[in-house]
């Protein structure tokens, strides 16, 4: 949907996921979640719920793109010309994220699916979004092209970091990095919406003006800085919260978990196997 | 051969290899194939047969490109201008895959050839295919150029993943990823054939129309999704089949194999050596 | 500030940091600094001081860009057109390096911040500098564009090497590589200043002349060679100095530290954790 | 020197180094050279001799570029325009390879220089060659540009593989890959010479003809295939030779060396240190 809602919707999805991750990964990191810990069960259920919700988001997005009044309503071609291709492309992007969500659910549920496959499919979903965005923005005014192509940096950086996670699973630094990029995507989609479809009678942006393009580029950096701050803040909040509720005896459990997680890592690195 | 057959032939080759891999790698993964296992011998013979067949495919492809009625028949230049360069380029692509097949056979047969060399040469063959494709499509109509250059994504992604396998050998995630990309190539070659050379009096595609290019781009994503599904299905079928035929006592054998494969991995990582 | 000072300032900053690193990292390497060593405390204080100074540099740079006579003085837009965007972009670059400095301080001070985060944020700061530089130099004369875009090689190479250090922490080779690139940036900023804003009535450079561009390209290589020599020299000086002052008993301490640093490395590689 | 000799000289240098490596690395691999082996001393002396010869080559190249009749004779600028910039650029390429040679000598001689630094500097030398080549070929006829830019593939692939060797030292697969790329460079320099400066009254190539460019691209692939075959042949010859001269008792020594080389590897991976 080439309108404000069409950018606010994915923006909100990415934002929600990003904010949730900025809480989840620090939590997991501090708990040194291990297979045998009394917390494992909760985390596994969390993972599944999260993946299910991500899948839900994608389905909502796909339906929205298809069945908005000016949508294609599942008609692909009509009198041999294509119908609403950009809606179809958006649906495809949502579709891949939906698949990634399903794979996450399966990887958490079924122990015979190799660890790391979930990350790979998520990387594929991100790469696919970038791939379609890249071929998406020809024949648009310069500002429109530029503001969309800035997304590519966030998307492809995310894809690369996810690919690294296939091998370096449970690396907190990569997880926080990915989290910040997802938040960036979320806020940036909102930014795109406000720039291209000004609300409340705000002035139109001159889409040819070079100064606007220079400003938007810088603005993108500020968004990322904001994303980094959000991650930092919730990281500290989680730490503060945990140190408050910490009970004696956690220390050595952490020690034990550490070994386990190393072991998991080795398996993931060597043959991506998962016999837990 | 710039016609339907010229794309159907490589398409079928890639498709057959991809489908076979989507069965082989899950099998290997579940059996945790190890050097000393009662299955090793079978797997080694499998590897050799597969590599031999891939070599055969390449030879067939080379001969086809050379000796089709409108082919160069091994004449490279004639009255100082080059003869049928695009056939020659196709032959070169097949040639590299043939070499890769031969190296695979040798690596499985001869223990003094370092593990990982087979993967490297296969990566070189893929990179070479992409390299020639990239310099291949100038001065063609936009759709023709675009539909061929989409192949580059699959080809180079495959080359990168193969290069990773030089170091992270027997990583099931990378192997499934490569498998999906090979299936993608196979189906896409067929797609190219149908788009550029419509059969059965199907309507010609307008090669200048931008909507067609946008659709083809999205179509490429759908092909990849299909490839992922194929891999997922045969993965599940293999698992279902194995769990049905599993015998008691497999468990600990798996445990043993695991250590072995780690060891193999270490050797591959450290010095690519292979003394089995 | 598009003048000589505007390039001399960052040049000096990078140069100072680079020269200091070319002393620090060899020192650390030869001392095989470990957590329990009698030197750890000193090194930790060093790290914090260094990071604080880097933060200070960035603040100075930001203020300079904002409050020079022809600066924006914190006004972003005025009568709906943007004010001094290039100063704002420079401030943004400094800002990210400032954030990286702060994160370094925190990582050294607080043990619950994962090791490697400091490197990641520094990589982000470098990538951000390159990103803004890349979108910064349109609509300038060719020489101006070229001399700035040469910086991108140094900047992005630095970002990649820093990203590697997230995983391969305390790898002396990567640290020396990064050091040489920072020195290169420093000297190159000075070079840019001299070329674009000749001092003391030196002759203007013809910004359209192709020979000048060819020469500047080669000149960039010579700068890097000089940077390599500087690193080599201070590496040898540090070694000479340490061998002179070496006391008996250091040997085995080195042995001990080695194991420790390996251990740190493992932790960094596996889960980026840091419980010292 | 933009003539046949100017391409034959570097071609021969790369060819000699490549052929020598195609013997050295298999030898080293089969001997599983370890620090304590009775062969270590010989290998170390070999390394130093080789590096010295590489340095010599570079010096010869630099002098040739400077002091050929139509060379700059060390004059950089004359009446404020630059003298013979392309000769200067070639000298710079040789210079970096010379530095890499010197660093190799030092790394083999001095135990306090971290392992892997030699590889890094060699990677820098290759990257620098590619960097200058890339900015070197503007304003030339298409064929000239294309045939030079094909070199970039070999050069940058070599740089990447060398960078990998900083971390994965003594990985035979990477070493053979690098060897094949160096041989490719050697043969390709000769090819460039023959194409751009036909000898013995051979017919001129039409530098605008697209068919020539297509052919040269394919020709590049054939050169690489030839390089791969050369490496394969000398690998087999070395193996055959060693198996003939093998004495009893080598087996277990190999075993011992293996562990040692792993250890070296670990050290290289962890902190690039080298205490032998």
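The chains carry the letters A, B, C and D, assigned in the order they are written, with residues numbered from 1 in each.
By definition in this document, a contact is a pair of C-beta atoms (placed from the backbone, for glycine too) under 8 Å apart; a residue touches a chain by one contact, two chains touch by 3 or more.
No experiment lies behind these values; they were computed from the predicted model shown.
Think of each touching pair as a link: the shortest run of links from chain B to chain C has 2 of them. These two copies of the sequence, chain B and chain D, are related by a rotation of 90 degrees on CA atoms, to the nearest 5.
Counting the residue numbers that touch the partner chain, chain A and chain B have less than half of them in common. Of all chains, the one whose Cα centroid sits at the greatest distance from that of chain B is C. Centre-to-centre spacing of chain A and chain C amounts to 30 Å, using the average Cα coordinate of each chain.
Averaging C-alpha coordinates per chain places the centre of chain A 43 Å away from that of chain D.
Chain contacts here close into one cycle, and each chain has exactly two touching partners. Chain pairs that touch one another are A-B, A-C, B-D, C-D. Chain B makes touch with chain A in their complex at residues 29-30, 32, 153, 168, 170-174, 176-177, 203, 210-215, 217-218, 221-222, 224-225, 228, 239, 254, 258, 261-262, 265.
For chain C in complex with chain A, the residues that touch the partner chain are 80-82, 85-86, 88-89, 92, 95-96, 99, 112, 114, 116-117, 120-121, 124, 128, 131-132, 135-136, 138-139, 166-167, 266, 269-273.
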